[in-house]
Amino acid sequence: MTFTILRVLKQPSPDDASNVSKLIKHSLIEFICTATFVYFGTLSAVSTGTKLGGGSGKGEDVARIFPIAFCFGITIMCMAYSIGHYSGCHLNPGVSLLMFFRREMSAVRMCCYWIAQFTGAMLGSLLVWGSVQGLAKSDENLITRNPPFTLGSNILDPEITVGSGFLLELMGSFFFYLVISQTALDKKGIAETSLVAIPIGFSLVVVHVCLIPFTGCGVNPARIFGPSIITCMADRSQCTTVIGDWWWIYYIGPFCGALLVSEFTALLKWQVEPEVVE
Amino acid sequence: MTFTILRVLKQPSPDDASNVSKLIKHSLIEFICTATFVYFGTLSAVSTGTKLGGGSGKGEDVARIFPIAFCFGITIMCMAYSIGHYSGCHLNPGVSLLMFFRREMSAVRMCCYWIAQFTGAMLGSLLVWGSVQGLAKSDENLITRNPPFTLGSNILDPEITVGSGFLLELMGSFFFYLVISQTALDKKGIAETSLVAIPIGFSLVVVHVCLIPFTGCGVNPARIFGPSIITCMADRSQCTTVIGDWWWIYYIGPFCGALLVSEFTALLKWQVEPEVVE
Amino acid sequence: MTFTILRVLKQPSPDDASNVSKLIKHSLIEFICTATFVYFGTLSAVSTGTKLGGGSGKGEDVARIFPIAFCFGITIMCMAYSIGHYSGCHLNPGVSLLMFFRREMSAVRMCCYWIAQFTGAMLGSLLVWGSVQGLAKSDENLITRNPPFTLGSNILDPEITVGSGFLLELMGSFFFYLVISQTALDKKGIAETSLVAIPIGFSLVVVHVCLIPFTGCGVNPARIFGPSIITCMADRSQCTTVIGDWWWIYYIGPFCGALLVSEFTALLKWQVEPEVVE
Amino acid sequence: MTFTILRVLKQPSPDDASNVSKLIKHSLIEFICTATFVYFGTLSAVSTGTKLGGGSGKGEDVARIFPIAFCFGITIMCMAYSIGHYSGCHLNPGVSLLMFFRREMSAVRMCCYWIAQFTGAMLGSLLVWGSVQGLAKSDENLITRNPPFTLGSNILDPEITVGSGFLLELMGSFFFYLVISQTALDKKGIAETSLVAIPIGFSLVVVHVCLIPFTGCGVNPARIFGPSIITCMADRSQCTTVIGDWWWIYYIGPFCGALLVSEFTALLKWQVEPEVVE
């Protein structure tokens, strides 16, 4: 924590908010692309859920895990290739915080991105709702209530304690953000600019495979904010399902993960005379 | 829409149709490769369907989604690496329309490509039929009628409204075409020429995972045209199954997606002084 | 066919067999690496088969298709990265024939490679047998007879006619060999040398997903030769199972596929002034 | 064996241990990153296991194989992109031994890495335990005992003989280490530095798909050491389950694999005038 605080206090912030029209444009891009990311990520949870065999009424099946994980991770990869050279393609308030900790982003720009990401996620969930409204039936089943599948909200598995849930979100964020930090920001890394999106996207797939059965895998505060807020607004009786007393782990976990990566970077850069492994 | 209309009216069309023999050659390549794309895409739907356990008579299983999605997306990736430097490897009338909107292609060439793509898709479906004719039995089961599996035609899930189906096809096309547009055409993007086929192919896998259970995933008018027209010609009684009143969403959806991407490009290029994120 | 015959007759063969010690070394590399390829490819068929739930006694399950396909394709990709700069990493008599048709390889070298590939495949199957001999029980079940799982031999599905089986092997070989030919040999393609192994390996995954449920997916005469010959030598009573009257499609199919690709290349190179699509 | 002994005796060891602070830093990075690798690898085994349908009480299902394999392999790929330019990203005592055999690493540095890797794996397993402690119930089921799922320890399938288990671990290590050796160390290979992590990670996925149902797939002595030692320390009654009389195959197998690759390299370099296949 010391290293990050020192860095934020001592190093100047980049001048990336003085050009207001560019800031608005980039925030708009984050808004639209976060909506698209949340749309394809959470829609995969709904789409694979509707094809489960009749035997698994709980909406849980091992064969769903990989396709869902793939959609979240690879959408990020494809978006990074598409708009990374405009806004940086964060689509994740935790990533923006990491960029702030690393002094790659000013506080003003981070706040604009956060607003764009949280509202973009809401738009993404509204589009999911519009796409699968036909699945809603007037019964008590969580999957077929309105909105169906709680729009792919993260729900902590009841067998997992809140502390374990926090640890899972923390570790998942640590790994995902570490890969982002080390490939996108470390100029001495082996990944060329053209390739960095591949480990970034694939690491998010790994994190999802590991976390989906336990926390549903957040590691992105916007990704849980969108579906749960829209579900809660649409149907108050589902509020307690999608916003349990564990809700904070999906926000504090990623933010602590960003801090951890920022600290780990201090170790990596310590007395740095790296051997280039070729 | 304004931006696209203005661009089409004002910017000159490329001179890519005056060399007739080259135009014929490129159309022939699109014809053969669209046939190959439709063959491997729709064949995967049949191949995974024949291995379902006896419990799921409806031909639906969550474990089929990813392999089918993979075949559609990765066939495009491999084809782009193989013949992208000849015809551009569109294999999709929606992509050709996008290239027309972006002024990368003349109207004449687009029409030649469309003819090649729609007829190529028919050839691909004929080859699928020849490959799996042995599965056809003389019963009423959709899967074992002749041609079997309706050759992998797109069929809108009855639980999904036509409006939702249109939204799904629109969003899927928007994302897929956006990745194509931003990686293949934007010279400032992070993806080198050598890499662009990877996000393009992988984004199509994501779109398929999300859309297969609802619309079967078109995002390519040729991909639905081939199997449904051949099935309908082979067995008139299956016409109403493969060409429902929702048929237009598979054509208008992708074309509107191309328009949307063309418009979004105007935003991206607005006041453009992009920061290169390295 | 005309183009290929003309090319073979008119263009000189490369001088790649006069350095005998190098020829021996490269054949030895093909021998060891074909053994490794057949080992991991066919072992995945056995490994996924042993984990099937009790309900599917036939050893068929949709969830097996992708992992098996992945192992065959990605092993080729990894081997190409590892030894491609030594022997060319064919590991497939059909690919060697294609290289002969394209005048990239002399007839003498091709024969040496063929011997190395066919005997290497036998070694690979012997290693599989040694690895899973514990699964063999003294009963009549195909899966638990000795050698178990017929060591992953290709067996034509009884519902598929021999003609369809030939078409499937032909189309699969055509696509796989086309990607090899266009990425590894076409200097103007978009894939840099460093990347060509990715579309090559991934195209083989696609072909396997489509063909496994019908022909088991050969597209490589060595891959079927190894397991079926070892199974037949070990247990004569299994000979009729692994070497049916359809055996020839696994040899003639790939060889015709190589011819088809060689012909298609003539079209691609016809009046060639390719537009570089960037 | 001769070649490796000669090489170790004759070629000087690199001077990579004289800078003690750098050695400590790199060992610390290996420690943290091996913990992360073991965490995500073994956690995927637990996460996919908890989602199995009720029918498969043995915790075995074919649909689990690929997601688990993917997590092990792709975590290595992402870590190589993230910290490969610092410590070399071995995360595996067998890989460090291979680097020693190849004279890329001194014996002193190898010992420091080994300590970091074995203790890092223990930390990773402790973190898994903390993350899934809620699954533990006070019953006799292996999956719900404490620690649950034996934290993803490797257990030799009872149907597989110890000799076959050794062969499987040997072959898996041979292939994985061969790809590492040929892509990361061979300057003439087709894979650029920026790409080598892709075949390395993907080859590990292949090896896992093939070996998981038989040995659980080690090919990394640290990966089995961590979970089995923590499980054994936590619950003495599970010691006989996780440390059977087959325990040595998970250590001797990978070390022999490293030796085999070192020998195979001698063949590849023999009279070396490689043809560059472009």
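The letters A, B, C and D name the chains in turn, as written, and every chain counts its residues from 1.
Following the convention adopted for this analysis, a residue touches a chain if its C-beta (ideal position, glycine included) is under 8 Å from a C-beta of that chain, and two chains touch if they have at least 3 such contacts.
In this text the structure is predicted, and so the values were computed from the model without any measurement.
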{"item": "Maximum centroid distance from chain B, chain identifier (CA atoms)", "value": "D"}
{"item": "Chain B against chain A, contact positions shared by both copies (same if over half, else different)", "value": "different"}
{"item": "Copies chain C and chain D - rotation angle from C-alpha fit, nearest 5 degrees", "value": "90"}
{"item": "Chain B and chain C: spacing of chain centres that average the CA atoms, whole Å", "value": "29"}
{"item": "Chain B-chain D separation of Cα centroids, rounded to whole Å", "value": "41"}
{"item": "In chain B, residues with contacts to at least two other chains", "value": "55, 61, 63-64, 66, 194-196, 198"}
{"item": "Arrangement of touching chains [line / ring / star / complete / other]", "value": "ring"}
{"item": "Pairs of chains in contact (touch as defined earlier), listed by label", "value": "A-B, A-D, B-C, C-D"}
{"item": "Chain D contact footprint on chain C (complex, rising order)", "value": "16, 21-22, 25, 28-29, 32, 36, 39-40, 43-44, 47-48, 50-55, 61, 63-64, 66-67, 70-71, 74-75, 77-78, 80-86, 88-89, 127, 130-135, 184, 187, 193-198"}
{"item": "Of all residues in chain D, those that touch chain C in their complex", "value": "55-56, 60-66, 69, 157, 159-161, 163-164, 167-168, 171, 174-175, 178-179, 181-183, 186, 188-192, 194-196, 198-199, 202-203, 205-207, 209-214, 264, 267-268, 270-271, 273-278"}
